[in-house]
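Consider the two complexes below, in which chain A is the common component and chain B and chain C are the respective partners.
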Partner chain A sequence: MSRFLAATGVLGAVVALAVLGGHVAPRDPSAVVGPPYSAPGETGLLGTDGLGRDVLSRVLAGGSDLVLVSLLAALAATTIGVAGGLLTGWSDGWTARSLISAADVLLAVPQLLIALVAAVAMPGPAAVVIATVCGGSPLTLRVVRDATRLTRGAGFVEAARCRGERGPVLLTREVLPSLTGLVTADAGMRFVMAIQLASALSLLGFGAQPPEADWALMIRENLPGSGLNAAGVLAPALVLAAVAGAAAATAAHAGRRTNTGRLA
Partner chain B sequence: MTGVLPRACARAALVLFAVAAGVFLLTDVLPGDAVLARTRGGAGAAELARLRAESGMDGPIWERFARWGWSLLHGDAGTSLLSDRPVSTLVGERLPATLTLAACALAVTVPLLLVLSWWAGGLAARSYGGGILAAAAAIPQVVVAAAAVAVFSGLLGWLPGVSLLPIGAPPWHEPALLVLPALSLALPSAAYGAGLLSGSVADVRTLPHVGDAILRGVPRWRIATRHALPLLWAPAIRVVAVIAGGLIAATTVVETVFGYTGLGELLVSSVAARDVPVVQAVALLGAVVVVTGGVLADVLRGVRA
Partner chain C sequence: MNDAPGLTVDGIAVHDTAGNVVLPATSLRVDRGEIVAITGPSGCGKSTLLRAILDALPDGLTRAEGAVSWRSETVHSGRPARRWRRHTVGFLGQDPAGALNPAHPVHRLVAEGPGAPGPFAIRSALERLGLDADELWRRRPGQLSGGQAQRVAFARAMAGDPELLILDEPTSALDTGTLGLVVDLLAARRARCATIVVSHDRAFTGRVADRVLRLGGHDRSPGSPGSGSRGGTVSGDAVLSASRLVVGHPGRGPVLEGTSLDLCRGELAVVLGESGGGKTTLLRALAGLHPAASGELRLDGGHLPARLGERTRRQLRAVQLIAQNPADALNPAYRAGTSVARTARVARGLSRSAARAHASELLTAVGLPGADRHFPRELSGGQRQRVAIARALAAGPDVLLADEITSALDEEAVLGVLGLLDDLCGNGLAVLLVTHDRDVAARADRTLRLRGGRLDAGPGNTTDRSEDTVAAHDTIAP
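Up next is the complex of A and B:
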């Protein structure tokens, strides 16, 4: 349990830092404050980047868009996936079967391609949401469908059916609450997926654009100067790793707690 | 076994057809088209319409898709809009570089994956091993590649931070260029694969003959290789098939970070330049790898069941 608390704590702290960091940044993230690639300590705590901007301030300011967009993408992918999973797990009709086939095809299209093409046609954040939904909700759908199948004949569902409850109510009031842990874990993994996609897009030049402060973009910009000020690369890399890693560890724990029952 | 392979292949063919249609639809959304790219803005609207009609590009989408698919089946992937060179030549030039990188990455991934899953499937690590592996696998590829460059090239100066391939020489000509890209590909996929495999490892490690061998005092490495590994081949190959499919996306990021001229780099530059035929070919190639891995996994599961 303590490890779970540790992972959740790290996750909460980094997300809070990412969202609110811009307000506590010691300097203006886009102002030139010193010579390019100053080593940590010379100018500011983490030195400066290639244009002489303060790395610490840019790290503090560079996470809010990334994290908020990823949260939104995870929410969208999970909602669509859960709805599809409940539907396909509950009924065996024509709609359910075609939904499953569509999910299979979506899974075979390279997700990065969806993201790249979407990023050319629309702004970066929208591309991240769309690619996460296309690549993530089919996975959610599969997991939720299998779990819903198992609850169809469960005692608490039968009891509700005998009370006279009908399909939609049964699904939202009886089945869905029993899947809380599973869905939480899944949402965590979709968040990780969105973070990975968003950072890849920014690195490839299709996401955040200069002079924006963005963790992945900072990595791209500061990589050539990593011999002069490695903190310019390592600091944003570390916070990105912390957000994704803590989210995954929390999700793994939430998933295991449900999997100890019959749903394993 | 009977019927597993044909059924898996038929399913794969169906999925590939749907993916080809999906890729075609997706790239059709890309703003601009071949005629616009060729004339480079030097033609009026009437001229553009005439050129489109000439090359059959004003037809309905299903007609263009059919023509594209038909020539693809005959080994003709079209011509690049940017360089006017055949797409197959462009892809053929980049393929050895990416294959070399992927092979090097897999050569590191597989042993690492087996060791990690052995650890996570053990009794001692069962409560937290999964969480640690999940966290490690979640670290974005960007971060791993960048940290590798910053530490081994920037701070320590041991290895080159960019892997510009010498022109005309095979990619394995300078092995030092491959070390960092291959390592940064291998680490996250090994963690991911180990997470998938650790369940099977945990099952195998509780089997009676393994426990018996421990009681008899057989050395641990011998238990792992002689008593457990033979039972793990089928799930391990399935996991490796999944990883090989994922390497395509990962290699795009890694190639861009290191300036390594492979297929992923070609995909990104072609999307940026709206070079639709090249994007279609590379994307379809990626899908073929994913689907082939899936067929392999299905067949193996069928064989075991």
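Up next is the complex of A and C:
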């Protein structure tokens, strides 16, 4: 439990820093403050990039769009996946079966292909959301569907049926709350997936455009000068890894929290 | 032979993450050839002790101090303990149905046990527990009754002849005949292994154990729950009646074939019968959870639909079921008080605050004062069972269908629950109780026996004396 709180705290801090970092940046992230590729300490704490801009300020300012878009994408994918999973896990009707088939078809299409096609056709953030929903919600749907099927016959659901609760109430008041840990864990994985997609698209040039500050874009821009100022590449790479790592750790603990601790 | 001690547990204590003591320092020693029973009130930490010994505590609990050694060698936690569990220890948990992988057939489940038993050992283990190995061989856990699942899990624990056998409530779902088989089996294996048994059943521990350890609470010997039957508060009119019920499982023949039953207001009726004989199915059919294929149900003389979804709100409220398995009886997301209050709100239309107050009263009545704020994961199996009883009562039912509700409880709690049921019966509640416990059955107004898919009404107000002769080999309807 305490480790869960620690992981949640780290995730909260990293996300808050990423979203609000631009406001605490010591300098204007797009202003030229020194010679190109100054080493850390010479100009600013983390040196400068190829155009002489402050790396620290750009790292602080460069996460908000990336993280917010990924959060939005994860939220959309989880909501759609959970709704579909509850529906298909609960009923065996025609709608449920066609929904499952649609999800399976989506799963068969490579996610990166969807992402690239979407990125060509529309702005980067929309592409991230669409690709995460197309690639992620079928996975969520599958997991939630199986869990719902198991819960359908659980004692507490039958007790609720015996006192007169009907389908929609059973799903939202009994089944869904009992799956909180699972859904939280799954949402965490979708967030990690969205962050990876968003940074991959930026790295390929489909996301944020120069002179914007963006972690993935910074890695690409500063790679040629990494011999002079390695911090220009390492700093954005590390914060990206920290956000994804903290999200994954929180998700893993959330998944274990509702575990009843059965010994198989 | 080897004179080294078997299992030595030296002052192990269990704390939760907040540092609260869940189990105070406990020591015990079990030698080869010895059977040690552990008893105590529910919630005193019996299961926690077993899990601490096995180094398999649930999340949030840690073994704060103490050591476990096997044959004078310390079993370190982590990987050595896992290896020790896999090769040396046969373990039967309190929730056998949950411990069986639903995807595997019975023979594979038993083969998972310590010592990797072969087909011959598997077959003999199943048969020595009174199970028909041929019939069950390919069944999956979903197709087993509560008592059969418990015996399959038991067979898994002992088929490979482990040197240490740890059993948590091994008899909670077993009838008297099968109980005798378990006693014989433990006696026959005694010389080859060390055994720890957790049980509430004093008669059982008295028969098998060399020593009885009492955990927590003060030692007191409550009178047998069987002392004295209830006075005649039964009134003649049937509140729930079933005629010629036929209930089947898909893929198998009918479990109930023309079962008829009349349950009177204020009556406590007990259903006895073989495990796997359809007792649970009967209750579920009456509750509407497992609709009968044919037959007629009547509530207060009016037609009662077989399907739950077709019953009116008043009919739903009137018939409440308490299920056998306390492990998944409560929603893990809600505190006990919330679960109970929700039923009072939905079924009886009480206001939020009135429902809360009523839930508190009911939890106190079942012997769990102050449990409102606890989540199910903080409650033991017996405590969850009592919350489930309170939840069913919160609906204000006319008929209570209770499936083995006393099996997870210690004697004191059984007395409390039976006393509560007595009071409620005095106010006109009809109770249909499935049980294996003869002492509980002795308190009933009427004993019914489910045999071959039919209910034979036993003579009113007496225990069925022929119970001892009911062999475990009684044929069960296909």
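Note that in this section the second predicted complex is superposed on the first by the 257 of 264 C-alpha atoms of A that agree within 3 Å, B and C clash if a C-alpha of one lies under 4 Å from a C-alpha of the other, contacts with A are read in each partner's own complex, and residues count from 1 in each chain.
Here, contacts are C-beta pairs under 8 Å (C-beta built on N, C-alpha and C of every residue); 3 or more make two chains touch, one makes a residue touch a chain.
Bear in mind the structure is a predicted one, so any value in this text is a computation, not a measurement.
Novice: Tell me the contact category for A:Val32 with respect to chain B and chain C: first, second, both or neither.
Specialist: Neither: A:Val32 stays clear of chain B and chain C.
Novice: Tell me which partner A:Val192 touches in the superposition: chain B (first), chain C (second), both or neither.
Specialist: Only chain B is touched by A:Val192; chain C is not.
Novice: With both complexes overlaid on chain A, does A:Ala216 touch chain B (first), chain C (second), both or neither?
Specialist: first
Novice: Regarding the shared-chain residue A:Val24, is it in contact with chain B (first), chain C (second), both, or neither?
Specialist: neither
Novice: Count the residues of chain A touched by chain B and by chain C, then name the partner with the higher count.
Specialist: B
Novice: Looking at A:Ala13 after the superposition, I want to know if it touches chain B, chain C, both of them or none. Which is it: first, second, both, neither?
Specialist: Neither partner.
Novice: Shared contact residues on chain A for chain B and chain C?
Specialist: Common interface on chain A, chain B vs chain C: 256.
Novice: Can you list the chain B residues touching chain A in their complex?
Specialist: Going through chain B, the ones touching chain A are 15-16, 18-19, 22-23, 26-27, 29-31, 128, 130-132, 134-143, 146-147, 149-151, 153-155, 157, 161, 248-249, 252-253, 256-257, 267-268, 271-272, 274, 279, 283, 286-287, 290-291, 294.
Novice: Which residues of chain A touch chain B once you look at their complex with the stated criterion?
Specialist: Within the complex, chain A contacts chain B at residues 3, 7, 104-106, 108-114, 116-117, 120-121, 192, 195-196, 199-200, 202-206, 216, 219, 223, 226-228, 230, 233-234, 237, 240-241, 244-249, 251-253, 256.
Novice: What residues of chain C sit close enough to touch chain A in their complex?
Specialist: Touching chain A: residues 17, 51, 54, 56-60, 91, 93, 95, 98-99, 101, 287-289, 308, 313, 316-317, 319-321, 323, 325-334, 339, 342-343, 346-347, 376-377, 388, 391-392, 395 of chain C.
Novice: Under the definition above, what is the set of chain A residues touching chain C in their complex?
Specialist: Against chain C, the touching part of chain A is residues 1-2, 154-156, 158-165, 173-174, 177-178, 180, 256-264.
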